[in-house]
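Presented sequentially are two complexes of subunit A, the first with subunit B as partner and the second with subunit C.
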Partner chain A sequence: MTNEDAQRLVLEIIAEIAPDEDLSDVKPEINLRDQLDLDSMDFLDIVMELRKKYNIEVPEEDYPHLASLDSCSKYLIPKFKSVSA
Partner chain B sequence: MSGLAAGIRLALFGHKVLILERHNAPGGLNSFYSFDGRKFDVGLHAVTNYVEKGVKGTPLGKLFRQLRIRREDFGLCPQMGSRVSFPGIDLRFTNDVAVLQSEIEREFPRQIDNFRQLVREIETHDPFRLDDIETSARETVARFITDPLLLDMLFCPLMYYGSAREMDMDFGQFAIMFKSIYLEGFARPFDGVRRIIRVLLARYRDLGGERKMKCGVRKIHTSNGRAHELLLDDGQTITADHVLSSIGRVETERLCDDLPPESGKANIGRLSFIETINIFDRQPAELGWEDTIIFFNDHERFIYARPEDLVDPRSGVICFPNNYQYGSGQTLAEGVFRVTCMADFDGWSALHETEYRAAKKIWHEKLAHKAMEFLKPVPPKTLDDCTIYRDMFTPRTIKKYTGHLGGAVYGASEKVKNGHTHLQNLYLCGTDQGFLGIIGAMLSGISMANYHILRKT
Partner chain C sequence: MLDSRIVITGLGLTAPNGNSLSEFRQNLLAGVAKIEVLDMRYMGPVPAGVCHFEAKKYQKRKEIRNGTRAGSIGIYCSREALQNCGLDWESFDKSRAGIYFGITEHGNVETENEVFNISKYDYDTRFWSHHHNPRTVANNPAGEVSINLGVTGPHYTIGAACAAGNAGIIQGCQMLRLGEVDFAFAGGISESIQTFGIFAGFKSQGALATHEDPNKASRPFDVGRNGIVVSEGGAVYTLERLVDALARNAPILGEIAGYRINSDAGDAVLPDAVRQTECVRAALSKAGLQPGEIDIVNTHATATPQGDIQECRALREVFTDCPNTYFNNTKSYIGHAMGAAGALELAGNIPAFEDLTVHPTINVDELDEECKLPNLVVGDPVKIEKVDYILNNSFGMLGINSCLIIKRFTD
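What follows is the complex of A and B.
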């Protein structure tokens, strides 16, 4: 799985939970909250969808790792690998 | 309604959910009924928190996202315009706060800067903090608004639409209500509250949620500080990992077998209401009655407290559900004229059946005429001429259909924002968690499901 793959999966989740957001130009290095209107309730949903769709557990203390697309892929790729192993 | 929202959230993430409803209609305080072939909303005057499409970061937007419902599904239509009417002075407001600002500028020129500062203070207030300490809204707001008349006028709609406390509210609650009414606004679906409930039910059903109607919880059996088993009205017992209760704080406590049946007495809400409904053979606008909602008061000060008499007609709320912008030439088939005033539950409860019926008749008349003092004058007898049907509810009706002790529409005076009870796996949502109104009720169910169950499992 590449960074792009992981980021695409995260963007798919965001598109599902926040269909009113324009995701065409999300910069991977910038915090999601600085470019999109997402709050803590939305981040809870990102975490819940990761679990539902991919069996990935993100404990609450790790939520900061989901701040930007870059940090998401860095944090999630090992997790994707271990659940698919 | 909070229970439905919580149920949707939980079902969305794979929890097995059962909603128990004692009544035969869903919705709780925001329900509906039919009588003689006419459809009525129970409580709905207006859905608050209305913002236009595209406005971000508001409770309405959060609600649609969290429930994964399309905004169009609720079919919300904005109000025409409302006002607060006090002796010799009217403040109009719409879904654009600039209107209220210019009214204040005209009537209270020395207060306009203070009002703007208050708005700024309120805009920075986070309504979803669950750990806020309760503080007096009167004291806090009086630091900004120094004219007692304007203070009363600003409080009047907010208290009527969501204060469980007499005379004052918690500042957090004030800020929520202020935003939801003055900075956001009023709307209504053409079909009333049933449209919203239908959408929630369909969503819940599609996610696999189950419901059991006409079956309340008779007892909560406890062991080791947990809700261990629920005994239902039909004699069945069921178990669950988590129990969310939307029936009220004291009402919930009294179901628990580890607490005395009279527990929480001091926390039973004191505020109840009567509402009269006149159905007209014409649109209210044909009589020159074009406001959506009018909050009136004819007393020197605005008194928000349980009345000593059966009803306190000095202040109240008038609502014309016809006066929303339904669009494309749509109008409700009949005119609807609703008037609400504060009422004394104990007084109404003590009446014998014949006295009760007589009191209803007398107060229906009195309220309608009182309300007319705040409306554009019409020739005598007009009201009788255009009324084709009357209905009314009293504190007794509220108790009967909602189960709220004391007929307290807005529940206990002390809210539990984090929803905790004395039992580990029993939580409150809805009125007594503290988010009020239709949007508030749904957000309460959502927040409590998130906070107590989804975050932790």
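What follows is the complex of A and C.
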């Protein structure tokens, strides 16, 4: 799984939970909350969808890893690999 | 001293047969019912009143997704009421506005949905949504409106079973009289068709309507009535003290003349004609009226065999020798909108102050002898000479009765 693959999966989730947002130009290195209208409940939605769709658990202490698309992919790629292994 | 005269300056609604007062009224005068068949979870097809308002008119898609149906109904109705009351909302001090919504119940929908959701994950509660609590707190529909409109004054709901629509309006009136707020969003809201539990509960009680034609399923007073058609809906009124409404040249749709809420203190589900009689008489007394001064009585009758008889018994007791008092029923068109019923049914009659017309009760093919009322308007609208007072009944489970009287506004 590449960074792009992981980030695409995260963006698919965001498209579902924040359907009003324009996701065509999300900068991977910039915090998601600085460029999208996302609140704490939305991040819990991302955590829930990762659990439902991919059986990935994100413990509360790791939530900061979901701050940007770059940090998401860095954090999630090993998890995607371990659940698909 | 505060002005104790409270007037209605705006009204927003959604009903199965209309998303504005004009559309709703037009259909009530034309005899147009709107009941659909829903494929209810675990139950199969049931008749139900479904609203088709445009939620996205006032909410983002994310807000609709994260909130509740009751919240969306409340926001739509409140925004519509605000628009037609003509208040300059931008410059209004929002800490002086309050939101008071009557509800029959709240939270069943989301809890049922979450249980259904985790059933797909072997009942693993890790999959229970973090949205569940904000969606199910009892103040939810009023709270969603508070957030949407930026109201920083009080917001809460009044749980009053199916008497709740009137109770919301009464609460708003009282808070204005107390000076707690200067502007009230008040009425009733219901998302009940989203929960199978209400349908199943009425079915188990032998009180859920069935009919091959859904538009004929809700038939108060008819010998063939066999129960309730559950509906969703909402009606929100903007209420103000008369002096404030006059100062800003607000449109005035009517004035609150009197009201009463009382309790049967008896059976949990069977209505009590004696207490209903007391409730109506107390409302008349508070308004300083004699029964014969009421022009239109909108009945609560839900089309249950016993409930309709008890209410008619109470009304015959109060309105003896009242040749100019007319009776009608709105549930025959839209079913029973639960917490919204009182507020919505009153709304459908408010235009009578202007058009002097009593909308009919429909679906009465053969009137039950025990439901006979003098001047019960059946089938076709009736034009009358004057409409100065409308009396609106709404009763609910656990023996809660409400009666609200609205007066045509005159200086």
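FYI, the second predicted complex is superposed on the first by the 85 of 85 C-alpha atoms of A that agree within 3 Å, B and C clash if a C-alpha of one lies under 4 Å from a C-alpha of the other, contacts with A are read in each partner's own complex, and residues count from 1 in each chain.
Note that in this section a contact is a pair of C-beta atoms (placed from the backbone, for glycine too) under 8 Å apart; a residue touches a chain by one contact, two chains touch by 3 or more.
Nothing here was measured: the structure is a model prediction, and the numbers come from that model.
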{"item": "Joint occupancy of subunit A by subunit B and subunit C, clash or fit", "value": "clash"}
{"item": "First, second, both or neither for A:Ala18, with subunit B first and subunit C second", "value": "both"}
{"item": "Partner chain(s) touched by A:Glu61 [first = subunit B, second = subunit C, both, neither]", "value": "neither"}
{"item": "Touched partner set for A:Met48, first subunit B, second subunit C, both or neither", "value": "both"}
{"item": "Stretch of subunit B penetrating subunit C in the combined three-chain arrangement, among 254-262, 290-298 or 416-424", "value": "290-298"}
{"item": "Touching both subunit B and subunit C, residues of subunit A", "value": "17-18, 20, 37, 41-42, 44-45, 48, 51-52"}
{"item": "Touch list for subunit C against partner subunit A, complex", "value": "60-62, 65-66, 121, 126-127, 129-131"}
{"item": "Subunit A to subunit B touching residues, read off their complex", "value": "16-18, 20, 37, 39, 41-42, 44-45, 48, 51-52, 60"}
{"item": "Touching residues (chain side subunit A, partner subunit C) in the complex", "value": "17-20, 37, 41-42, 44-45, 48, 51-52"}
{"item": "Subunit B residues touching subunit A - in the complex, by the definition given at the top", "value": "12-14, 54, 56-57, 61-62, 64-66, 68, 128, 446, 450, 454-455"}
